[in-house]
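Which chain is which? They are A, B, C and D, in the order written, and residues in each are numbered from 1.
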C-alpha cells in the first residue's frame, strides 16, 4: 500500500485532518489516524464497555471538561485514575483553580504559596479550602458506614459535590464507578488518613476488586482508553485479566519501553499476560496526551470517521 | 492566569481545537497553541523571511505535499533539508513510491528488495530508476558548468524535473533556494560521487554560504520553522548568526536536551550564540512532526488565529 | 571551571571511572559523578535516614540482591515500592525464577505460559506456586489480627519467609518498614482480595501514614534514593512534606518532564511543594536504573569518593 | 536462561561490574554487558576495521582524550564526526577551553561572551583565537593545492597542529582518516567559507567517497562504534553498503525510533538496506554516551571480558 500525501487546507475540520493522516498511514500521523478510527468504533459499539484510564496531571492540565463530557454522553463505563486527579477535581469543585505563567523558581514559588506541576500552578489557600470541605464531607460519609471500599467512598463523595463541572459528581450521577487504587498517595489520601485519626472509619484497600470484577465479567467486550501510564494503566489492563483481556485499546504516552516499566510498555506485551486478547485491536500513539487526546477525540466524535 | 478547560465538540474545525488548547495554555496543549499562533504571525508578516528546516523522513513520510504547497503560496523563502529528503522527492518524481505495512523482519525485507525507514518502505527497483534518471540530469548540468555550489546544483536539477508535485521543481519555479549541507550523505550524494568519477564536475562544499549570507543580510526579519534536528536545524540557526539571530522560531522535536546535542537543544540556547535574538519569540513543541506540524499548520492557515 | 578529559585505562576500578566523570563534570558523566558523591555522603551521614524508592521491574530485573545487601548493611531505613516488586520478590522466595531470551511474540508467549516484562519473562507455573504459598501465609496472619495496615501486613509476611535472599524477609529482620501504597494493583494485591473474600480480614488503605509520619518526624535528616517514578517516587517525597521536605535526593529516570507527570518531574519541582527543602542537595541522572544505579552504588561504596 | 542477581561490592573493578550486569542479562544492564562483550571482541579482532562515529558534543563534553587514546592504540581505523567536534578539538589545540557552571540564562551568557551547549560553555575570545589560527593553517594548505577533499583537508590540518592531545593531529600521525561530511555546518566550515572568499581553494564535497570506498572494499570485516546519531551515524552505515554492510556494531543513543529518523533507528533496520549484514552482531544501549561509553570501554579494555 502506498504512502499518500497529507494535504492541509484552510478552514479544515479536525476529522478531515485525521483522514489526511490516514492517507499517509505511517509514523505518528498513521498511528493518530488508527487511534482515532479505533476510538470511533469503540464509542459506537453498544456491546463494548469503555474503561478510561488517566494518569498524569490531566485534570489540572485542562482536560477535566473532556472527561465530564464523555461521562455525560455515556462514553465512559469505568474510570480509573490517580488520587491526584481526584484531588484536583475536588479542588476546583470547592472553588479553587489552576494557574499558569508563574515561572520556574521553585524556592520562590514555595515562598509565595504556589505548588508547581510542570507549567501548572496551585495555591496553598485553595488547598486549605479543599481540606476544610473534604473533611466535612468525610464526616458525613463516616456517619453512614464504618468500612468502605475506595470506589464506594468516591461514589459517596460524588453525592455531596454541587459543582456541575465535577468529574466525581457526574460519575456519581451517571453511575460510573471511579477506581483509584493508589488514592492514599495524594492530598485526598492525606486528608483521608487525618480524618481516620479521630474516627472509626476504615478504607478497605482491596474491596474494590469485587465490584470491578463483576463489571469485567458482565462486559461482553471491553475497550480501554489509556492516557499516561502508572497505576491506572496497570489496573485497567490487569482487571481485565479475569476475562482473558481487553478486546481493544488505545494508549497515549511519552514513556519509553526499554526500561521495562509498564508505563512505557507496548500494549502488545499485555497479550502475554492475557490482559489483552489474542487478536485484539491495539494502537499506541507516542505523544503528549493534552495534544493527542483532544485531537483524536474531536476526530472520533465526527460521524464520518470509520472504516 | 487561569487554566481553562479544553472543550471538544462534534464537527470541530482545527482552528477551534487549537483555540481550546490555548484556553488551557499549559503542557503540550499550551505549547501547541503558542506554536500555532506564532506560525500564523510569521506567515502573515510581510517583512519576515521564513527559513524552513526539515530533518528526518518527512518527505517519504507523507509531508511532501505540505512543503510544496507552502512553497507555492510563498510561505517558504529558504528551505534547508537533508540529502535524503531530496532523494525521496526525486524518487517520487521519477515514478517511484513509498509503501507501508510490510512488517519489521529486516533480513526478509532485504531479500525482497525493500528498504525500511521506521514503518515506511522503499523498493530497490525504484532506486534503480532514480539512479538512471539522476545520472542523465547530472550529465546535462555538468555540460553547463564545471563547479557548482550545492544549492546551485539543486536549482539546476529543479529545472529538469517534470513532476508537478516535486519540492525541488516547485522551489526552482518560485526561486526558493534549497540548502542541503549534508547532501553527500545520501543516495543522491552517492550518485553525485559516482558521476564525478567520470567527469570534471566539482561540487563545492562551502560555496553556498555566500548565497545564503546575502539572503540573511537582506532579510529584515527571519522566522524559522524547524521540524526535527540534525544538520538542517543547526544550519538554519547558525546562518542567522550573521545578523544577530532569528527573530522568531518554532521547533517540533522528540529529542531530549540532556545529552547536549543540538537536535534536542531548547531554542533558548541559540540566544547564547546570537543565533536567536535576545527577546525573540521561540516556541518548542515536544512531539512527532507528522502529527504536530499538520495540526498547527492547519490552525495557522485559518485567518481567525492571531492574538 | 574547566571541563577536563575523562581518561580510561585498563583494569580501572569503578570509583576511578566515576572520578574521571567528575573531572569532566558535564552532561551525563557530570550528573553521574554528582549522584555518586551525594549517595556516598548520604550513606555515611549517621543522622540521615535513607528512604529508598523503587518503581519499575527492578526486582525481576536482577536488582533484588542489591536491595537486600543495602538493607543488611543498614543503608536503607524505609523502603517504598510497588506491589509488583514485592510479588516478584515472593515469587523467587517460593522457588520461582525470572527468565530471558524468549523473544517478543506475545501471543505465542501467552500460549506457552510466559508473561513478558520488557525482555524479562515469568512462568505461569511459578505464579501458581506463589498463589498457593501466599494464601497459606495470609491465612496464618489473618488468624492473628483482623485489620492491618499495608506495611504491617508486609512485615508479617516477612516473618514467614525462609528465603535468605528475600527483600521482604531481610527488611523484617532489620526492622526496615516497607510501604507499598499501590499494593492492590499487583498479583499480590489480587491474592489479597481473593483471600479477603472468605475471611474477615481487612487491609486498611490509609493506616500506614501514622507509622510513616512518625518516622519522618523522628528523622533529623532524610535522604531519598529514587529509582524510577510512579507511586513510590511520589509517596517518598510527599511523606516528607510533613517535615518540610527531604534534605537530599538522587533520582534515576528515563521519563521526560514536559508532560507534567511526577515520574518525569525534576526533583527541584518538589521544593515548590515543600517536599524538598530549600537548599537541599538534589541530583537527577537520566538513564536506565539497571545501569546507572549499580554504577553509582559501586562508586559510592568505595571509601575514596567524597568531596 | 535465568536472570541472575547483580552483586555490588566495595572496590569493584569496572569489568566485574559489567560481568554482574551480564549475569542479569536483561534491560539496560543486559544491553550494557552485550555491548561491552562485543566491543571487546571487535577491538581484539585483527581482521576487523573499526569505524568510529561521534555525533553530539562529545569532544567539548570531555571525551577528547578517550578518542585520542583509542587512535594511539590502533583501535580506530576510520573516524566519522561532525564539523563541530573538529572545531572544538582545534579550539582546545589553539589554547581554548570548555567551561562549566555558568547557569542557564542565555541572554546573559551572550552578553558575557559565552556560548552554551547543554551545561558546557565556550568563550568568544577562544573562538577569536581559533579563527586567527585556523586561517593561518588554511593559508598554508591552500598554497599546496587548489582542490581538496574534506578528509584530505583535515589530514593537512592535522600535520600543522602541535597539541599532542589533539584528535586531528593524532589521527594524522597514525594515518587514521577523518570524515566529516557535514563539515560546512560548523564554525570550522564558516572559516573555510570565509577563507575561500579570497582564495582559489575549493573544498570538494563528494571526493571523500573514493577514498572511503577503497577502505571499505579493503576491509575484510568492519565493526562500527556509533555514539549518537546524525550524519556521522548514517555515513558510517551507508558507506558500508558497498560491501554488503557492517559485520558488527554497537550504538549508544537517547533518540527514539518512532519518528523514523535514522538517529533513533534500531541498528537492525540497517539490514534491510544492506548497511548491516544478515546475521551481523548488533547491540544498542539506550543512554547518555558520556556515561555509557566510558563504562563499556573501561570494561572492554580489560582482557578478562570475552565469551
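Brief remarks on what is shown
Methods note: a residue touches a chain if its C-beta (ideal position, glycine included) is under 8 Å from a C-beta of that chain, and two chains touch if they have at least 3 such contacts.
No experiment lies behind these values; they were computed from the predicted model shown.
Hopping across touching chains, the smallest step count from chain A to chain D is 1.
Counting every residue number used by either copy at the chain A-chain B contact, over half are found in both chains. Taking only C-alpha atoms, you rotate chain C by 180 degrees to land it on chain D; that is to the nearest 5. Relative to chain C, the most remote chain by averaged C-alpha coordinates is B.
Chain A and chain B have Cα centroids lying 36 Å from one another.
Each chain gets a centre from the mean of its Cα atoms; for chain B and chain D, those two points are 26 Å apart.
Chain contacts: chain C has residues 26-28, 57, 61, 118-120, 254, 256, 258-260, 286, 288-290 touching two or more partner chains. Remark: chain A residues 55-57, 61, 84, 106-107, 109-110, 114-120, 147, 150, 181-185, 189-190, 192-193, 196-197, 202-210, 228-231, 234-235, 238, 254-265, 268-274, 278-279, 288-290 touch chain C in the complex.
Within the complex formed with chain B, the residues of chain C that make contact are 26-28, 256, 258-260, 286.
Across the interface of their complex, chain D is touched by residues 1-15, 17, 20-21, 23-30, 32, 57, 60-66, 69, 97-101, 118-120, 165, 254, 285-292, 294-295, 297-298, 301-303 of chain C.
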